[in-house]
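Note that the chains are named A, B, C and D in the order they appear, and that numbering of residues resets to 1 at the start of each chain.
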Amino acid sequence: MNTRTFGLLLGAVVLIVILSIPVFGSPSAVDITFRTCSLIALAVSWNLMASAGLISLGHSAFFGLGGYVVILSANLLGMPFWISLIASLAAGALFGSGLALITGRLRGIYFAITTLAASEGLRVIAVMLPALTGGAKGAFLDAKYYPGTFTVNMGMSLAAAVTCLIAWRMSQSRIHYAFRAMRANEGAAQMLGIYPLKFRCAIMAVSGAVASLVGGIEAFHGGYLDPAIAFDLHITITSQIAPILGGIYTLSGPIIGAVATVFIGDATRLSLGHIEGVSLLVFGLILVFSILYLPQGIRGGLSDLWRRRSATAEPTKMAKP
Amino acid sequence: MDLLPQVFSDALLLAGLYTLMAVGLSLGFGVLRIINFAQGEMIMLGAYGAFWGLTLLGVDPIISLPVLVVAGFALGWLIFRGFVAKVLDAPHINQILLTFGLALAIQHIAIILWSGNARSATTAYATESAFVGDVLVVYSRLIAFAIATIMVVALIAWLRWSETGRATRAVAENRAAAALMGIDVDRIYAMSFGVSCALSVATGVVVSFILTITPFMGFPMLIKSIAIVILGGLGSIAGTVIGAFVLAFSETFVSYYVPDGAGWAEGIAFLLIIGILILRPRGILGQTVET
Amino acid sequence: MRKALCLGTSGLLIAAALSFAAEAQETFKIGAPVSISGRYVAYGVQGKNGIEMAVDVWKKVRGDKVAGRTIEVLFRDTQSNNAITVSLMNNFILTDKVNVIIGPDGSNVAAAAVPPWKKIEDRPIWLLPGGSSDVIEKEVGPDPYFFHTYAWSYYYHESNLKALKALVGPNKKVALIYSDGAYGRAHIDDARHYIKEAGYEIVSDELVREGSADFNPTLAKIRARRPDILYVLVQTNDAIQLTKQIQASRLNVPYLIGTAQAQLPEWQNAVGESQSCWTGVTTWVPGLSYPADKNEPKLFPSAADWEKAWMEKFKAVPEFLEVGYYASTILTLLAVEATKSTDREVLKKWLEEQHYQTPLGDSKFIKSRVALHQTFGEMVVFQRQKKADGTFEGVLIYPEQIATGKLKPCTY
Amino acid sequence: MTPILELINIRVGYGQSVVLQDVSLNLREGEIVCLLGANGAGKTTTTRVVSGLLAPWAGEIRYAGENIATVPAHKRVELGICLSPEGRQVFPNFSVYENLLLGSFSKKARLRRTEMFDEVYGLFPRLAERRKQKAGLMSGGEQQMLAIGRALMGCPKLLMLDEPSLGLGPKIIIDVYEAVASIAKRGLSILFVEQNVQAALMIAHRGYVLANGHIAAEGTSAELRSSPLVQEAFLGKKPSRQDLSEVHRA
């Protein structure tokens, strides 16, 4: 059995696991799977943009937008679960491609800060339009639109699974090269026949749609939304931490990272949660030290180990002039 | 009553504060090309330093300012050597997450040490004021403005005329060429990071008797500083000063003249960021920055 | 990829295993979601202190057990985060199977806790000693298992305006300042309602931004309107800066009316001399003269004795949330002890019928606007006044039967 | 006499690719040595290694007899090694005067600042005229003068010039080379990189030819001028239009 089949097989196993836990799992397994899947989808979505050289500091904009679209479309228009999720998906895609058009050729830190500004701007709007959003008091999802625990949990598992499948398909296709070219140099990418603005629009639409969908499902799950939480920078940060921790620009990195982030977060919160301030302190320190000592993420660290082990078997590759 | 003189006076005093707040970030970015997400936490530490100096030792924040600034410089130096130096050549996202992790850690160290309670330094001049004609001038803000002006002018003079300051600017423009001049680039990096932190600590001291001190006070100030720095142009101190004035004046004007303007005022910063980045990505006075 | 999946699966399994708490029999479990990190950390610590004090006192007075069961309090950190709160509530109810939930604190976190609790059919009894926002009340609705052990936002303004009408008289001009934060938004409608009902004129109705660096534009506009009463609805953090700016800006307003902040030592320490003249409205304030309960004088001593005991343990003046959490915890323990049961119907019935005199006042549950069970909502109005020795004290000014002094107009 | 600079078996590169392979060369005090070679032969890399901007993977850099391979770049300036880098790299937002001030940043140079200013302004009167001008706004030739002047401000014992004639008009090239020659008369050692072979061999005492990261030939200027290898090396080169025109003009 070669590595590829093995990978595919395991991928299938994981899909089965995350899709079956909502059916058979214990309540706490369901809860953890929900949060992990939420982060997997966010992380893969963030990583998608990062892979094209677009560092997003505003993923909470998509997330919050999706949440509010769900709450408003359910409460005001009486849309059922699936329809309002499609609405949030569409809103995220629209906002993403709109942001891509606005940011034009901005790159690096400039791009990152524009996305941050977009997210904070949406928060201010949500705060200042209490008639629509409930303002800082927050808004509840009308309980009669709650589709049931199973549907919500399954929805999130499906969202994560589909997101991973999309990312997998992309990594298998030629788009994969376009990403690399965009990341390295947009000018050069243009010469390869990639139209950067179009590509950006498409990527940000997909990424935004996914993040917005997650926000939408989270809104059903939580049933309550306020601007500070919907557009919380921590959402952006955790959706970055996961790929960074796992291994940026890779397919499996964000997934490994998401699992690790949820695990570390729960472990610190549950074991240190009784001492004030400590759980987030430890989380911060883990973040710092993983960046310092695992710059390629867990995935990179593992393949380093793997390479070192196999290096004893085969002679080290010599650099040639 | 004509409000306009009052509007100008308020805006001017706020602009001084904003300048000092953003100039540390601007220097750090200009030289190291790193946005330090823990910059706000330096403000927070400065504010706590001044607060505890007053509360425990009875030392007025203005008196403790020099000591705290030196301490801030030392802390910045240590943070640079211990953490930031190791990600100088790493991708931006690693730098952002590293400094964000530091920010999170510093915030919660503050909670562990000093609890999450809100505080404020209660100096006598904190609540004194005078009417100049129709215009109310609050002493604490005037003092803050004066300190901010002195610090920013000192910074600009240092950068302009001192040997090290000139070297710092040189490193900001071209790191390799600076090394060829015999400039120890690493040392300049550590020093700029230190100075940048020291400036933020000074901001903290100044706001300790004006604003509310909490372990979380830094982040909103960081966001606002980023807005100012982007507005003025990344890496330009003069641009930062202009950015601070633009933001302070527009916020104050909106607060006075737009219904519910005080609520919308916060949005201005973000509107300005997006606007400026679309129209003139380098900011008002920005230099070329390879990103 | 392969390693990814390996890790993923094992991660999920380990994490799942972690949260399977071994369910010991014969324990009485209190689920306590508290925000002990993040922005509500100050509240969370108070909640935790209150519950810990209650369990300590119980163990001293009644021994280690309640109705033969070991007492187990599960403190879990919400990290001031809604999503974590949702997960906590789910786990408390479905996995830990707690008997009672007490908390959480901070209106937003408390609001986030409502939907996950409500959607579970066999939800346990929930006592909420914090969270005054009326959106919570509306969302919970007339739920039989919800017990609010704190005042709703409108109680503040009802009491405040009663006091003002009685002590200041009719026909006054009021300037309102409220923040765009959760606190301001939750209070403003009811504040306006009761001000108008009292026949006062609102001459200025100003929104301020949470965390603003300068309130002077707002204050300058208010100065121009020359109000008699300044009515302030902002969160503690903003209140500190605003209070200092109000003093500095010489508004010459005779009555400075605050709501929750004025009773907080946090606010008092931070504003120093500027606290002079501010009134506040609260359910509990040091110096209240509530007597001890006749039947349970050790669990519910007089307000003064309780305060003394608290000072001994924590070396600090207790805050209203701490008293609220204390009283709520003792009530649940008493319920279990009295009924020898942890069944929610039994407990609910007992709680509905109990009546004690606690350090926080009368414990009888009544109906509020929407909710079925509401207690400790009785509010008193006080004013921060300077004593001869230069320190400040909260002088009770309303209701008149418990008043310890008179409302004085501001002089600065 | 020990040579002032001696490279012994230097191997270096970027990332995975090796640029210099076993390069050895030396330079005696007061000597003018040029490095010749096609684009990408490793000339600039050699100056970067000597100046300390690039750490060699293997080999020794001996300066006045001491191995300085691990000495950081800024300390080499203090030791008297100054480089006028490829592409001039002046500080565009600084005035000419400030650029020169930066050139004399090292402690030793700071002491002799006035003296050096006189010398540099003497060599390049143009710089004196434009002292308040922003460097970024000057012409290429002026910037080149500034880069050389700035390197001189550091009081070098070993001056390295990377393509001083690149982008310069024919008149200025002569000025620059006259300047270089007059500098050398003061006992300075000069190592310079040129693509303009004829001009280089006019003033250099000796030269090395780099090809594909190896020393392909070395010798006195006269030897090199007549060496078939040099002819071949530069016939094989595909010069840019600019280079070509300059060679013709020179």
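Keep this in mind: contacts are C-beta pairs under 8 Å (C-beta built on N, C-alpha and C of every residue); 3 or more make two chains touch, one makes a residue touch a chain.
Since we're looking at a predicted model, the values are computed, not measured.
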Report the chain ID whose CA centroid sits closest to the centroid of the full protein CA set.
B
Tally the contacting C-beta pairs at the A-C interface and at the B-C interface, and name the larger one.
A-C
What's the farthest chain from chain B if centres are computed as the mean of the Cα atoms?
D
I'd like the Å distance between the centres of chain B and chain C, where a centre is the mean of that chain's Cα atoms.
35
With centres defined as the mean C-alpha position, give me the chain A-chain D separation in Å.
51
Where the centres are mean C-alpha positions, what is the separation of chain C from chain D, in Å?
75
Chain C: which residues touch two or more other chains?
37, 41, 45, 180
In chain A, what residues contact two or more other chains?
127-128, 275-278, 280-281
Quick one: in the complex, what on chain D touches chain B?
51-53, 72-75, 77-78, 82-83, 85, 89-94, 98, 101-103, 105-106, 109-110, 150-151, 154
Where on chain C is chain B touching in the complex?
37, 39-42, 45, 180, 206-209, 211-218, 220-221, 223-224, 236-238, 240-241, 244-245, 247-250, 266-267, 269-274
Of chain C, residues touching chain A in the complex
1-9, 11-12, 14-16, 18-20, 36-38, 41, 44-45, 48, 75-77, 79, 81-84, 86-87, 90-91, 94-95, 107-108, 111-112, 114-116, 118-119, 133, 135, 139, 180-182, 184-186, 210
Which residues, counting only chain B, touch chain A once they are in their complex?
35, 83, 86-87, 90-94, 96-98, 100-105, 107-109, 111-112, 115-116, 219, 223, 226-227, 230, 234, 260, 263-264, 266-267, 269-271, 273-274, 277-278, 281, 289, 291
In the complex, go through chain B and note every residue touching chain C.
1, 3, 6-7, 10, 14, 17-18, 108, 111, 115-120, 122, 126-129, 131, 136, 138-141, 210-216, 220, 224, 251-252, 255-256, 260-263, 265-266
